[in-house]
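Each of the next two complexes has subunit A plus one other chain: subunit B in the first, subunit C in the second.
Up next is the complex of A and B:
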């Protein structure tokens, strides 16, 4: 029996190669592998699952993995290169069920809304019943026959926010429509979080692991500018990674940062101060710059365009970043507003019963050690507590210098603090008599405010006594 | 030998292709009729009800209850196929298939019924007063036939429990009402996995229901489970190449004696008895068949099993950055400290800073805004979850729950590439304030 098989294998060696490609030409498969480095095992698993176009496909595949691990890219490339009938929709873009259905139908039916067809869709469709019916018609109309139709739903976690029947129905689309349809869900959230409601059908789960550091270097090295050798670029990316890799493992982010900061890295070379080989000098030049990038561009506090402009100006002389860093810590306020804000901060972070101790002349002693046992967490960590307006005013009058008349002027400054989002209104708007507020600024902020009016705010904070 | 053109001998490539086509079909479609295991009494009961409706015009209703993947739809489908073999039934019987996932309200359901009974033309632009009127009109329309008696209609309601959530349960009320009164002969079958489905029905609906419940529980013993495994993989006698069929089937039988295979099957069986889970296990090995690898080996099954039982959260933890990992560990320590109470970002940041200051040499310290971005990434990955019921407060002070357990963190740290030793040690230390 075995000899028969061996014979078969020997006789059909040529066809054998063909069959491992599921009827596609070798070049096509190679093309997919070449455009997507470091994803060989995922691609071959997916190709195996898809099989030949006429094979019955498993009803649903769930793909998960971190952002920028190549999930959508792999799927899109396979479907487009092999020219399989498919529809790809992004669930963030199609946030209602009607948009979702109509986008899928348009793509399957090759209808592109344009001025020529008066921006019309393939059909109006706003419930799952119509969608399945129209899709069935469309498959007949397009004469797909037994060829598998792939429906790809990117950012599938958003489907959970839609009606409860949509996710289970999509997972069972094959059963409900009796057509050879494969639904592919792509998400960065694990499958456990999708199991809600009734009718959930277990999909085939595929994990896209994150790239290792070496794989990332390999992929980023594809962006190397033509004037420089790849090894030079890789050594640069290595330096970049030493700063960013601990914080961020997102390939897209790292690629973006690498491209953005490269002009700065090669600046000494262009100026003739260093050569390509002089890596330590280049490193000394770029390191503080990258540190700054971590605090600004990585946090999106400046835009890429601003950052590029800053780099250019820096080459010519003293350019400075738009003063955003300091913006976080300094806001100019009127004199009384500053005191009001300090009072609000004290009211938010001190327990009410300690007010007597802090603000009256003849206060009793508080045994702090006794209290500490019951309250393990400090008030700084728990965040601001709401306080009534009367308490704020009482603290305000006791800390402010000089006599202040309770005029409408003072009260209007409270509402401007609210509109500046330094203080927020907690109770509902219709309660006029017992308005409650919360202070929303940080300790560093209030310290710098207090410094400008020579007020030692820490002395009045319960946590620091 | 294989080159010879004959109807019986195919090349291995063609054989594999044929095997794939056949097995993929079996594995992908849930309701493809395979052998029914141990459900004979239920099957006979259902068959009896349908035959009486079809042949004698007796209306009836029943609910089939069983867990997912226990074979409810499959049984019904196989019975319908059997009934339709009879002569006078085929062109006389009408079927209406409804699914709670598709017909989300009674208006849509009614439209769908009209469509499936092919009465769109009869209804035309008529305006009806009530739901009941429309439905009775539809059924009335079916009466006008060559025979004196009207045609029997089978209503099959999949995901029956979802129909009970429709407003006033109008559809269910009317269907059960018709099945009670001697109008058109209809049989209503509900399929559901909810045991308490009767409790969902309103009183007036409940009183019209026949209270015929058919329970289907998959009571597969492990031996039957192995039989099902062999049954799914075996090639039928109709397979074109007889030699290959023989070879393949003997190979499949040999898997039965293999210890690894039995172990894998037992693991899956103990986790989930349903045939669906078994099919998912077999999918990848079948898809991977090729010329160079023409038979399923026990190692393939083992690999597929590892694939299916992978801990997805630990796998996701593998891909987070060191900073994010630090935050998770800090949160784990804080959660044990506060006996599972939610913690906010400020506390986590505080804890993280304590750690950094303790051994500041190799783990870098980052600005608060950078740490907050990492924290928000964890939130987007749903590894942490806000514990305030939608009530908005500043993001630093929102109470959060950690959704990863200590085991998963340990697991991830083991596999984490180039994890700083300080972080590992920090994870292992018992927390002390």
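Up next is the complex of A and C:
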């Protein structure tokens, strides 16, 4: 049955676009296609699946594809443009099943919580049984008749974490309620990961493939600002893609970058130094900036406003962005915290038996020959080892300059290091006597910290002796 | 007087005062009725000073944060300028919406620095500022309230929806406006609430009467509040402040952000992350899918060193608040007149005065020590001197700081507080680091030196004083001389002739390698002839040292009666500021007499007194045990000690066997159990599952 259906849909999808409008006006269908470029086949498949409003729709549809492949956008646009009765719920929001049910019921029943209704919802609904019953009542109440009701569940993978009965029941909602309901699940992962033990009903699976480079170009060019010709914008996006497409295929990110850098691109035009036609000149102007932007791709640390400000400053000759970027990972710590962190690092990466050699004045000579024989694995590769508090304090006192009393100030700095995730607590909380810690910072980080207190940390590391 | 509270007394500890003033004023009157009035006076002076200082500190604190807060406020203001509610806007609104393709939550990453205890204050300030200027809708989320999405949403909604409650009717808190418990904590609820609020406030603004009847359940007569709400924009943004960003659970945070992003079209949400370390923390906690929903703008709080520089000033103010005579100079003379003889004796006892007296001839000594009038005059004179010293000291110090703070190696410190402490420690001109700085200054190029001198000149000319003005004038002539020097390398005229003679002696052309070497050696040995510029440079520096630094920058300790203004009991302060709870607890347990100050538990070390508190006995006994302590043995040892006193009279041979046989006295047993549980409460021991009837010791010596 499934394969037959699929065939029918494929066939209808092929001829679909202009011939069949399923009882909707042609303008509406065109509007959908225009707002969602490069998704023609998916849209027509869905339209074919939905059929006319009164048609019995397929009971459940599963849509999957990577981020930014237009899944939610396609579904929402179709449902809203064609004004079909629907409910769209993001499963992230529904941390209990009750919320899930009530969200759906509210949307179907057009109940908006407000002070007037004392923020109440359509009805209290605690389990699937109630939900099916209330939904049936609601459909009658709303006089939907034979019109299909669409329930869209975005981020459907969250449903797996809820009770085991929810996913199978939702997939069979048409069967359970005996109403014309179509449940659409949207997810980023494949259906195989959803299958559970009993009662699982196979939904119709629709894949949204990633956009190709040309498709992305087309979509981004839709953002073209009205003052410039589309061809000009397309050439700009082309340049942009030549730099970023290697590292980034995320449509959202590319769109973001295109918007971010466009003011810089047109800057010579605004200044009157170049014309729209003078592409090479514009390219020479923008290229170094795009290279710089490549360093912080995905980070979103510099908002567009700040980026613009930086670009303005750069024109005046004072670049602050490199400064901005270099500050990214620098951390300011109190004086003793620095030493504590260094001590923690040494305790984590040096074997205990070498402490005497590093930190006592009259250590015996170490047999280098013997040392090389036994130790082959670098401690840096093994990762940090846990150490007791006493060892940390002992190392701390041997490296710190001056005399420090073991006051609450020092101990509270250890706990603040833990809360900053620079050192982590490894023993269980109730073991007050033998608290164990691990240092979680990298060698580069500790080196920069040590440099600020003029401490040569490498000299104390077993691996570098 | 009687209302002087203990908390005020605590404040004074911070203020680096003398021990005498450290105690709250009520102590004085209890001790001695006679000195009452003087102490009252002193208390009064102290209060005045403290008021002054307090306002100064508050001004400082707000200044410290003001810049960053202004930035933040601007950011939040412009982040949602174009926001409009969907159903209200007309048709072109929706078309505008379509154009805005990327929905990001405006986010401010506030790098707060790692000094976490201060953050509370800072966020409080921020919140009040935001509440005043931008929006009443603020939620402050701390990581400890947000263990899961449910509790986070709960907190969020209750804070936001409660906020108007708080604004509108402070007095009747139990008004049945919104019962948070009965409302499902979801975003649609928040949307409905926000829409309702904005529409209502709009209607209020539109209505010409400005009647306070904004919402039906609002008490009248709160018009100031409404006035203040007037200057909120039509759609005040909803600000979520995540106080300690690093400590949030990643999945909670991710879900929260996804949810917020989804409702961005209906709610103008702005996020503020309080990040202690660096922006990289954001990426450690959030995957790209989530972080791409954000539009982060970074705000770096000023690094701690900035704060410290200003702290030096605060420090100075603290130093100034001491005893009675530490008041503006105009009041000094009147106060001295009022002094009684007993207090005068106190002044006579001050160290610096004694030192001074010993240096004087016997007659002068006599009159100073015995003649009250003379002493009063002298006191007045010396206090005036101290004030004069202050008048010169600070400008001069600023000047020296300007000259030296940028020197390589920072011999006199980078911050003014370092210089200040050096100056206080002793005579700065004699110190080694001053000599270093001087030699470095002597190597300076012309442009740098001139700009530095200009700065000094500017800072000195701010003070209106004759002596300083003279120095300013001198400096100006020096600067003009520098400027008139056309060629810096031109040798000094005096030395020119000599130089010419010498150059004649030198053979014009070195013929061989040996000659060349010799020539070079000779010229190296030859005294370098100073150029005009160099000699002028030396002149300036010598002048500054002679007339400014050595004249005014001597240590405060050398002044008579400096104790009035300065205190140097660092150890007392250190004891109060650096808490060492462990040491305190151990002291209390091993030697209860130290804190209780009663006669009964006074004892020589090494002995366990049987009349000490039970807890102390149990603690002392447990110190003798190993890692695991047998409760029964412990109880027996305890009973032995406590019973020792009572049974000492009836001591016989059968005692041992008796004790083993007969069950322990239930009262003693109960006391013992209570002491043990107190010890457990102090986390010295804990129950263990390894052996029944045993407890594990948690402190050192257990293994």
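Operating definition for what follows: the second predicted complex is superposed on the first by the 324 of 465 C-alpha atoms of A that agree within 3 Å, B and C clash if a C-alpha of one lies under 4 Å from a C-alpha of the other, contacts with A are read in each partner's own complex, and residues count from 1 in each chain.
Going forward, contacts are C-beta pairs under 8 Å (C-beta built on N, C-alpha and C of every residue); 3 or more make two chains touch, one makes a residue touch a chain.
Just so it is clear, the structure is predicted and the values come from calculations on it, not from any experiment.
Taking the superposition on A as described, I'd like to know which of subunit B and subunit C A:169 touches: first, second, both or neither.
Touch status of A:169: first partner only.
Contacts for A:83 in the overlay, against subunit B (first) and subunit C (second): which applies, first, second, both or neither?
Neither partner.
Look at A:64 in the shared chain and tell me whether it touches subunit B only, subunit C only, both, or neither; answer first, second, both or neither.
After superposing on A, A:64 lies in contact with subunit B but is clear of subunit C.
Go through the superposed model and pick first if A:106 touches only subunit B, second if only subunit C, both, or neither.
second
Would you check which partner chain A:382 touches, where first means subunit B only, second means subunit C only, and both and neither mean what they say?
first
If you stack the two complexes on chain A, which partner ends up touching A:209: first (subunit B), second (subunit C), both, or neither?
Touch partner of A:209: subunit B, not subunit C.
State whether A:407 touches subunit B only (first), subunit C only (second), both chains, or neither.
second
Contacts for A:275 in the overlay, against subunit B (first) and subunit C (second): which applies, first, second, both or neither?
neither
With both structures placed on chain A, which of the two partners, subunit B or subunit C, ends up touching more residues of subunit A?
B
Jot down the residues of subunit A that show up as touching in both complexes, subunit B in one and subunit C in the other.
In subunit A, positions 298-299, 301 sit in both the subunit B and subunit C interfaces.
Touching subunit C in the complex: which residues of subunit A?
Per the touch definition, subunit A meets subunit C at residues 35, 67, 90, 92-93, 95-96, 99, 102-103, 106, 112-116, 118-119, 121, 155, 223, 250, 252-253, 255-256, 259, 298-306, 324, 327-334, 337, 405-409, 416, 419-422, 430, 432-433.
Mind listing the subunit C positions that touch subunit A in their complex?
Residues of subunit C touching subunit A: 78, 98-99, 101-102, 104, 106, 109, 113-116, 148-150, 153, 178, 183-184, 186-189, 191-193, 195-196, 244, 246-247, 255, 258-259, 262, 276-284, 288-289, 291-292, 294-298, 300, 303-304, 578-582, 683, 686, 696-699, 702.
Note which residues of subunit A are touching subunit B in the complex, please.
1, 4-5, 7-9, 11-12, 15-20, 45, 48-49, 51-52, 54-59, 64-66, 69, 127-129, 132-133, 163, 165, 168-169, 172, 174-176, 188-193, 198-199, 202, 204-205, 207, 209-210, 212-213, 245-249, 294-295, 298-299, 301, 376-377, 380-384, 440, 442
Contact residues on subunit B for subunit A in the complex?
Those residues of subunit B that touch subunit A are 1-3, 11-17, 20-21, 24-25, 27-31, 99-104, 108, 111-112, 115, 159, 161-162, 193-194, 243, 246-247, 276-277, 280, 283-284, 287-288, 290-292, 294, 308, 310, 312-313, 315-316, 318-323, 338, 344, 346-347, 350, 363-364, 366-367, 369-370, 373-374, 380-382, 393-394, 396-397, 417-418, 433.
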